[in-house]
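You will see two complexes here that share chain A, one where it goes with chain B and one where it goes with chain C.
Our next item is the complex of A and B:
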């Protein structure tokens, strides 16, 4: 019996990690070439701040992708969060924290619905979350009457736009960057510090085998959707902070989050990827948007390019995995 | 008389397997010619070649004296060969008439002539004595009725040769009788029938001649009268036991570990047996006997709908694999790739899957018993060979993959292991190692239920063999039973004398 030494999965993950990071470095270098001041710590921090919602959404989306699903409802949840926050708080700073708690409860409820339908009714996640996306979007618009109303007080908006100045070494530190760091650390811990990550990968790779090995497949899937929804609420809070209230605050973010994960090397339909796929994928995608902005490309082309990138990234990952087999 | 069908010198090899080796087979007009053989003897391959699905590596096929070469199933169908498979190929939401005329619709001025199709369908169904409304939806018919529709479809094409592959496998007594009567009628019309079946009483009732295939070779072809059941069975199985099986245990088995009473569900009925500490209990049976369903019930994958299971004297409910795992029952599924492995995860992660699945959610994935060096030690002990246990398990050989799944359950410290086809498709050395592991697992006071289609394997490794037939345990054999004994019970011949077997 001979065993052929093949690239280990650790090395494969390493390549994927480097791919996301390399793409980001290349794109950011291109930005810096056109606008050298992007190399200043202040502008880099600002770049991170603006990338924060996408980065957090990508981390949540990654959980679902690892288990073999999609979550299309996260953009709608982010919109709901922005609209609901302004209606419920209505300018009263004392209400902020209670309302944030309520927002998380709403988000978790959406995540639970997604997870329960996928796990027990066996509806494909792409259909389930398409349904909840329409449902949540509709409810949010109906509640707000189709236009932004209410008002967000400063203590809420600060979560997205507060920037501390005079910080040693880096000069400025946006609060959103602290939120990113905290969220990424938590998401990393969930996948690498607990057995959850290994279960999620096994479920995404082969749910039948996982079930027969005793893995709680349904719980694993449901948790992934809850994490995804929590990330959508967090992203929504940041969005409300620096963009203010609008009825299309979260539009299209779900696809950007999926694209980010794939660019970073996570495999659609599950079983492969790490938190760094989400982080560097999101940073790469946001750097690309920034670059297109600087180049002066029309906003509409951004969507087309995003579509191209998504297809290219998925195509590349399929090609890689076919070559491996 | 010119043979309606004559296949001579047919050979076919697949990577690693010689599926057919110089096989001759012929069938006269109006003859029922039965083919018997174990699973994997080459029956299906031979019929797929006849049906145009495979091309033979060597050999010729003649139909009524004319040599033919099929490159597509449609050509075979047009030449008058019709194959009725175990799995029916009807569209459930279409009517009987629509199914019969699928792909050969009658049209008038470009429009479907539904009335004509209904008439013709009724006529065909009448010819085979089937009282079926051509306008009924196929989904509303029983399996037996659907089979008749398939046959009507074959008659529409004016099939001269009809191949029936285990046609009664899904039928009850009455359905089987109807079908056998129909076969007699078709024979009288001069249709040649190739009949593949494991069911000896049927074969003895309708076959004019019988051909035995074994390991891709023809053993013999004889008229029915010259082929007593005992001879058939011996020809199907006759081979020597290999000596790589572990020695039987020196001490008698201990207390009952697992006991099943009246276990019943859709696939098995009134199953009752006990597994004692230190015992390896084999389960034999043909493909549709319910032996796989029994394993699935024991591990909670397809639970018993009634009956009781007790573990160490305590009743347990096993409604999901996770419950069975928690109760101490481990499962080595028959389909390694589809049911056993997360192919893109590492060897280590696959071996640790159950431990990590049963731990608390917040347990660290590399802590304590999950540490790489601990699991690596267990993998090495089992002699799993990989350049690096961090490599994807999909890159390992089948034997090493199977060993890694066994490590998964050894690590979980299960009391009972349910193995299904533990050595299917793996090499001899790994086989011997797996048998050795099974023996030492049992010798440590635990129990194994091993379900297998490989009879020498069961005879070599099991302390007792339960044989299943049509969802029931048709008999139990002690260590030292012969393949003929097992085959007799598996074929449901328990009541018939089988003196000639030992003659």
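Our next item is the complex of A and C:
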């Protein structure tokens, strides 16, 4: 039984890689056409640095999407991380690493709640995580009193802000890019180096069949939400590092992360996708934001164009997957 | 490049009709606020929250009430740091008047018009309130509810207005044009003709913000300063920093950054830091994080304000009305100071949180600084 889905998932991963990558290359070429200096390694690194939070969120979201769910709570978790870090650290550089540990524990707790409710109470994930989103947002707001408090010391901010200059070949290397590389490698290993990836695809494709085949469906789902929450904490740390404390740091990021996965070729409601769907989908989406910024169009129109392109990309991915079936 | 121009032009045309429909560029109001900025305020020296500009007074003898009173406050919401600081000011001011004030009832509309309308109805029909303070969520939607309340008890409106003359007085600082004039004139005075300024704004379509921009834009146009971009940040620090980085990456020199609100000013400055460029001339607001950066980096900057001390004025006005004293009206125009280089040190307070609005007039109030989130 378990050998059946393997060839199709491997093929899907290959196709997804191409779709996301092609969109990204086209969009980035358009940016470079308008503004040739984006081809310099320094600006490309800066592009990656700014795309880092979305990219990491997309990787986490992909785990949940593969198992057939959504995680709407990740934006709220990222906001909570930024606010909690500033309140807990409050400018004391010695507290940074202990607080980062605490933040991960908090994130994992949110992920566990999401996973347990979805797996055992059988509440649809979109409702569960909508609930945790409101809960976490409310907690963050109540804790901070609605305004940013405290301060982030430099060693915390460096994770999202530090750029090494004078690096051979590429010139500059932001620390955030190293964080992405590490996170993507781990996320890739989780899906391809362990049995987990195949289980996730099986659960997303047909949970009943997976269960009958002996896949631990509940554990698989819970783990997906935990990974997603861990990615939200990581993204929150990078966001806080990049730009400092704000009460709306993670607003809307959960939807962008879902959109990124779909643009990259992951299938909503599960069963198909690879880590590269998330990576190149996120890069495509961020390239689109950058392109629209560079075009200098009025905000209202930018939003509409963004919406149109998203619908087109998602439509195209649906059309491709239907053709395959 | 050509395609970009054509695209931009066609878009501009399609939006032009809409832009004309709403007028945020009223020369008469611009002139009035410019005059108010240089007017000498009346009232107690050093207490701008109790001062007023202009001569209009209204008689309130008919509202006089002896003994202890209850004041009710219908708040639009506490959805941003400005309103958080403001509400703390209001509560602290109320504490000063314990002997006269039996109770202060605060109802939060959570940013919803319909909730605020029913809040006001409930407060009025509840019969406990002797006076009603309203900080309206939106102008047009709240007008009928305020009108209905006016028939039952004295009403005081502050911050955003309503389209009716029925409240005893409407408290507000000089206004959006004044904010834009102060910041625009400072930037224009520091730059040469032909220099570039980047305008960063929170969101389109909000009158108090649009007027700030239109006033500053007028001044830049007059001075021959080029506005290279006008971008909306949604008050988001990450977005602000990204936008400024995009402009820096375009290779155009940015001599100044003008902002319609200062909460992301430090994020904009960080973009210059990270790119290894010198700081631009900048207009922010009166938030602590900006003032600290200004002081430590010796910026060329100004901090115009939309002072939060108007929340104190609301309580003062309500009590004056119940005392039967004359109050400034029908509009109580408060002075709208700006923080400049020479008074900067006076407003930097390391104990306060980064987004604390320094022109809160709250330093002498009970509970400072902890009530405002500061450290002892």
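To be clear about the criterion, the second predicted complex is superposed on the first by the 297 of 325 C-alpha atoms of A that agree within 3 Å, B and C clash if a C-alpha of one lies under 4 Å from a C-alpha of the other, contacts with A are read in each partner's own complex, and residues count from 1 in each chain.
Basically, a residue touches a chain if its C-beta (ideal position, glycine included) is under 8 Å from a C-beta of that chain, and two chains touch if they have at least 3 such contacts.
Quick caveat, the model's predicted, so the values are computed rather than measured.
Residue contacts after overlaying the shared chain place A:239 against chain C, while chain B stays out of touching range. By the touch criterion defined above, A:212 lies against chain B but remains apart from chain C after alignment on the C-alpha atoms of chain A. Within the superposed three-chain model, A:158 lies out of touch with both chain B and chain C [touch as defined at top]. Look at A:196: by the touch rule set out above, it reaches chain B but stays clear of chain C. In the superposition on chain A, no contact is made by A:102 with either chain B or chain C.
Comparing which residues of chain A touch chain B with which touch chain C, the overlap is empty. Residue ranges on chain C touching chain A, taken from their complex, read 1, 4, 7-8, 11-12, 15, 78-81, 83-85, 204, 229, 231-232, 234-238, 240-243, 245-246, 249-251, 263-264, 266-267, 270, 274, 353-356, 373. On the chain B side of its complex with chain A, the touching residues are 299, 301, 320-322, 324-326, 331, 333, 338-346, 349-350, 352-354, 356-365, 370, 385-388, 390-392, 394-397, 399-400, 408, 412, 427, 429-430.
Listing the residues of chain A that touch chain B in their complex gives 1, 3-10, 12, 192-199, 201-202, 205-206, 208-216, 267, 271-272, 325.
Those residues of chain A whose C-beta lies close enough to touch chain C in the complex are 34-35, 37-38, 43, 46, 50, 53, 145-151, 161, 163, 239, 242-249, 251, 290, 293-301.
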